[in-house]
Amino acid sequence: MPSDNRSNPPGEQPPTLSHVDERGNARMVDVSPKLPTAREAIASARITTTPQVVSAILAGDLPKGDAIAVARVAGIQAAKRTADLIPLCHPLPLDCVEIDIAQAADNALAITCRAKTTARTGVEMEALTGATIAALTLYDMGKSADKAMTIGPITLERKTGGKSGDYQR
Amino acid sequence: MPSDNRSNPPGEQPPTLSHVDERGNARMVDVSPKLPTAREAIASARITTTPQVVSAILAGDLPKGDAIAVARVAGIQAAKRTADLIPLCHPLPLDCVEIDIAQAADNALAITCRAKTTARTGVEMEALTGATIAALTLYDMGKSADKAMTIGPITLERKTGGKSGDYQR
Amino acid sequence: MPSDNRSNPPGEQPPTLSHVDERGNARMVDVSPKLPTAREAIASARITTTPQVVSAILAGDLPKGDAIAVARVAGIQAAKRTADLIPLCHPLPLDCVEIDIAQAADNALAITCRAKTTARTGVEMEALTGATIAALTLYDMGKSADKAMTIGPITLERKTGGKSGDYQR
Amino acid sequence: MPSDNRSNPPGEQPPTLSHVDERGNARMVDVSPKLPTAREAIASARITTTPQVVSAILAGDLPKGDAIAVARVAGIQAAKRTADLIPLCHPLPLDCVEIDIAQAADNALAITCRAKTTARTGVEMEALTGATIAALTLYDMGKSADKAMTIGPITLERKTGGKSGDYQR
Amino acid sequence: MPSDNRSNPPGEQPPTLSHVDERGNARMVDVSPKLPTAREAIASARITTTPQVVSAILAGDLPKGDAIAVARVAGIQAAKRTADLIPLCHPLPLDCVEIDIAQAADNALAITCRAKTTARTGVEMEALTGATIAALTLYDMGKSADKAMTIGPITLERKTGGKSGDYQR
Amino acid sequence: MPSDNRSNPPGEQPPTLSHVDERGNARMVDVSPKLPTAREAIASARITTTPQVVSAILAGDLPKGDAIAVARVAGIQAAKRTADLIPLCHPLPLDCVEIDIAQAADNALAITCRAKTTARTGVEMEALTGATIAALTLYDMGKSADKAMTIGPITLERKTGGKSGDYQR
C-alpha cells in the first residue's frame, strides 16, 4: 500500500483494536488495573464558509465574541458529556476544558479544544467531541447565511500521559 | 474573492444571520408563527484512516457489523439529543433517523445520516449531529490502531421542506 | 411448538420485525406518514423481597409514602427519558405519566405505570421504562436490607390507539 | 413466615435500611468516610418471548448480532447513566461495563451485565440498570412481533468489594 | 391573615392543587383532553453582588458580553431541559427562548427569560428555569470575587395562553 | 461605596475573577495541579407563598411529605447534574447530597441543601443548584394555587475545604 503513508512498516504488526471482546462484542475496556495519571489531549476542527460569514462571526453583524462565545460554551459542555455520546467511552472527571476559536483563512475558522484529566484512561475523545460540537454550533449560527459550510478536518493534535505514550500528529 | 465560488454575486445581499437579536444577543429564533410541515435533511461525514482499520471495521478483526452497529446507534441517539448539544436548536419530535456507513475508499468510510420531522423548523442540525457523532464513535473504536484518523468533510447534502426552500449541495 | 401458547397459528405469518432496514441495519422507523392520535399504554412490574422490607417500604421504618414517593418520581422522570435510553424509540410529547405502587403479596409490591401521548407512535416503551425504573429504585432503597430482591415479571398490560390496534394482555 | 426462605432467623435483627435520615427523609447516603476500593457487580435479566422472535434476534431476520448489538450499546450507556436515573445513587467513575446476551431457552434470552469501579460505594445498581435497559431494548426491537414479551427475573448475581462484604446469590 | 395580601378573600375557595391524584400521589397531570395553543411566559431573577463584580461582569475585567453570554447560553439550554429537572413537568416543544441580562442597580443584575410554545400546557416553569440557571451561572462566574452573591427574587412576571387565563404579576 | 458593606476595604485588591483566560474567553479553570480533598457546602433557598399553600404543602391537601418528597428528589438529582447545567463547572463525584425543607414562616418554606465531595474543586454550585431546583419544584407543585410564589433569597451559607479557605455567611 505504498500510497498510504500511514500504513505499518513491513514486518510490523498493526496495533490491536480495543473495545471488542474475544467474541467480537462491543464493551467498555476494563481500565481498573491502571492507575490514575495526569493526561491531556488537544484536538482541532476547521470550518470553512464564505469570507462574509467568517467576518460576521468574528466582528461584523454578530456582536464581538458572541457567536464565538456560544460555540465555546457548547464545546465545553459537550466535552463534559462525551461518555454520554460515545458509547464505549469511560466517564472521566475533567480537570480542564478550553476551547479556542481563531481565524485560519479569510473563509475558515480553526477550533482547538484542550482537555485534561487525572484518570485511568485518556481524554482524546473529550477533546475531539469539544472541538466538533463547537464547530457544529458555528454551523448552526451561520447556516441561514451559508448552508454549504463544511466542517473538517477534525484531528487529534497531541496527547500526553498514559501507558501507550505520547502522541504528536 | 474570485477563488471562492460560494461568495455572493456582485450586487446581491448576503442572507441575514439568525440567532441574534437586535442587540447581538444569542437567542433561540421564534418559530411560533410558522406552521409545522414535513421536513427532511441528509448530512454526510467521512472518516479517513488506514486500509487495515477500514478492513477491520468492515469485515476483519471486528465482527461483521459490530463497530458499524455501535456507531449507528451512537449517531441515532445523538441526533435525538441535538437540542441538548447545540445551544440555539429547537427541540424537535423526530419522525425518523437513519445512519448509513459504507466504504468510500480503501482507507475511508462514508457516513450518511437522514433525519425527518414534522415541525416548525428544519432538521439540518439533527442530520449533521447524527453523522458527526457516528464518525467520532468510529474514531473511538479504532483509535488504538490509528490515532491519525481524520474526520471530515462533514456537510449538509440536502434539505427539503420549510419556507426557505429546498437545498441540494 | 404446542407448549408455547403465544406461537402463531399454523399457516399464519409471524408479524414482521421493525427497526431494521432492508440490509438489516438498525434504524428509527419512519413514522412521518402517520397522523398523531391519542395513545395510551399501561405496563406493570413486580418486585419480590422479604415481608420485612415490604412492611418497611409501606409503613414501617420508612415514613409513610417516602420510599414509594422516591420510586414514583424516578419512574415518572425515566418515562420522560425513554427516547434517551432506548436507542430506536421516537421522542414523544407525553401528556400524562402515572405510577402506582401497591402491595401484591406479603413479600411483593406491584408497580403500574400508565403513559399517554398524542403522537405518531405508541407509548409502550415509556410505560415499561417508567415501571421498570420505579422497580429499580425500590431495589436501591431496600438493597441494604435484602440484596436478593427480584424484579419481574415486567409486562405490557394494555395499549390503545394507533393503527396496529388495541392490545390487552 | 416459614415459606419465605429469605426472612431473618428468629432473634436476628433485619439489616437496616439506608437512604433515610432520622426523620425518614430520602437522602444520598454520605460515603465520604469510606476509602475508594475496587468493586464489581454482576446482574442478570431474562426476557421470554416466542421461539420465532428469539430466532430472529439471534440469527434470522435480524442480521447476525444487530439486535443484540443495539441492546448491548443501550445497556452500556444506561449503566453510565445510573446516577441520573436512580435518585439516591452516587455518581461513579465506571472502570468497565460488559453486557452479554445469550440464548437461555428456545423462547428466552439471558442478559448479563458486569460493572466495575474504584469508588466509595458499590456498583450493584449500575449492573442492574445495564441489564434491565438492554432487556427493554430487546423488547422494543421485538415488540412488533410479540407484545407479550416478558422481562424478568432481574437479579443481582454477585458483588465483590466494599465493607459490607461479598455477596453471591 | 390581613398582612398577607395574596390570601383569598373571605368566602372564596383557594384554587385547587394539581399534581396529586385522589390518594395524594404525585403524578404528571393528564393534559391530553386539552388542545395545543400558543402560550408564552416571562420570568425574572435578580442577582445582587458588589458593584465591582457587576462592573466586571458588564464591562470590566470580563470582556464585553462574555460572562453575560455564558449565562445566556446556560439559561437557554436549561429552559430546554426543564422537564428533565422538574419531575412533574410535561416535555414541551419550545418555539422560542430568550434571556436578557441588564443592570438593575449598581450592585445588581436583572435576568429576564421569555419562553414560548404551542402545546397543551404552559411554559411558566421553562421561563423560571431559564432565568434561574442563568442567575446560578453568573454566581459561578463571579464567586471567586464574591461568595455572598444573593439570588432572588425569582418570580413569574407574565403568562398568556391556556384555559386558566392570562396572568400579570 | 459606603452603603455596600461587602465592598473591599480601601487599599485592598478585589479577588480576581476566574473562568476567563487572558483574552477574556470563558473556560473551565484548570484544577489538575490541586489535590483532591474533602469539601462540603451548604446553600439555602426560601420560597414565599400564601399560608394556605404552605399548609397544603406541609400537611393539608397534599399528603404528608409528598410535595416535600418530590422537591427533595428533584433537588438531589439536580445537584448531581450541576456540571451539565452550569457551563464552567467541573464534574464532581458527589459523596453526599441532603435536602431539608422546613417551614420558615406562616407563608414561607426554607430549603437547605448540603453537598459533599472529595475532589479538586468545591461543591458550592452543587449545593446551590440542589436548593434552587427543589424550590422551583415546590413552585411547580403549588403554582395552580398561587402563581405569585416568590423564590429567594438563594445564598451560599457555608463552605469548608479547599485552598481558598472556609466561608461562613
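By letter and in written order, the chains are A, B, C, D, E and F; residue numbering begins at 1 in each of them.
In the analysis below, a residue touches a chain if its C-beta (ideal position, glycine included) is under 8 Å from a C-beta of that chain, and two chains touch if they have at least 3 such contacts.
These figures come from a predicted structure and were not determined experimentally.
Any chain bridging chain C and chain E, meaning touching each of them, is among B, F; the list is complete. Copies chain B and chain D of the same sequence differ by a rotation of 180 degrees once their CA atoms are superposed, given in steps of 5. Residues touching across the chain D-chain F interface largely differ between the two copies, under half of the numbers being common to both.
Centre-to-centre spacing of chain A and chain B amounts to 16 Å, using the average Cα coordinate of each chain. Taking each chain's centre as the mean of its C-alpha atoms, chain A lies 34 Å from chain E.
Rounded to a whole number, the gap between the C-alpha centres of chain A and chain C is 38 angstrom.
Contact of a single residue of chain B with at least two other chains is seen at positions 24-26, 63, 65-66, 69-70, 73-74, 77, 81, 87-88, 91-93. Under the contact rule defined at the top, the touching pairs of chains are A-B, A-D, A-E, A-F, B-C, B-D, B-E, C-D, C-E, C-F, D-F, E-F. Residues 38, 65, 68-69, 72-73, 76-77, 80-81, 91-100, 116-118 of chain E are the ones that touch chain B when the two sit in their complex.
For chain D in complex with chain F, the residues that touch the partner chain are 21, 24-32, 83-84, 87-88, 90-93, 119-120.
The part of chain C that touches chain F in the complex is made up of residues 63-66, 69-70, 73-74, 77. Looking at the complex, you find that chain B touches chain A at residues 1, 4, 6-8, 14-20, 23-26, 45-46, 49-53, 56, 61-63, 66-67, 69-70, 73-74, 77-78, 81, 85-89, 106-107, 124-125, 128-129, 132-133, 136-137, 139-156, 159, 164, 167, 169.
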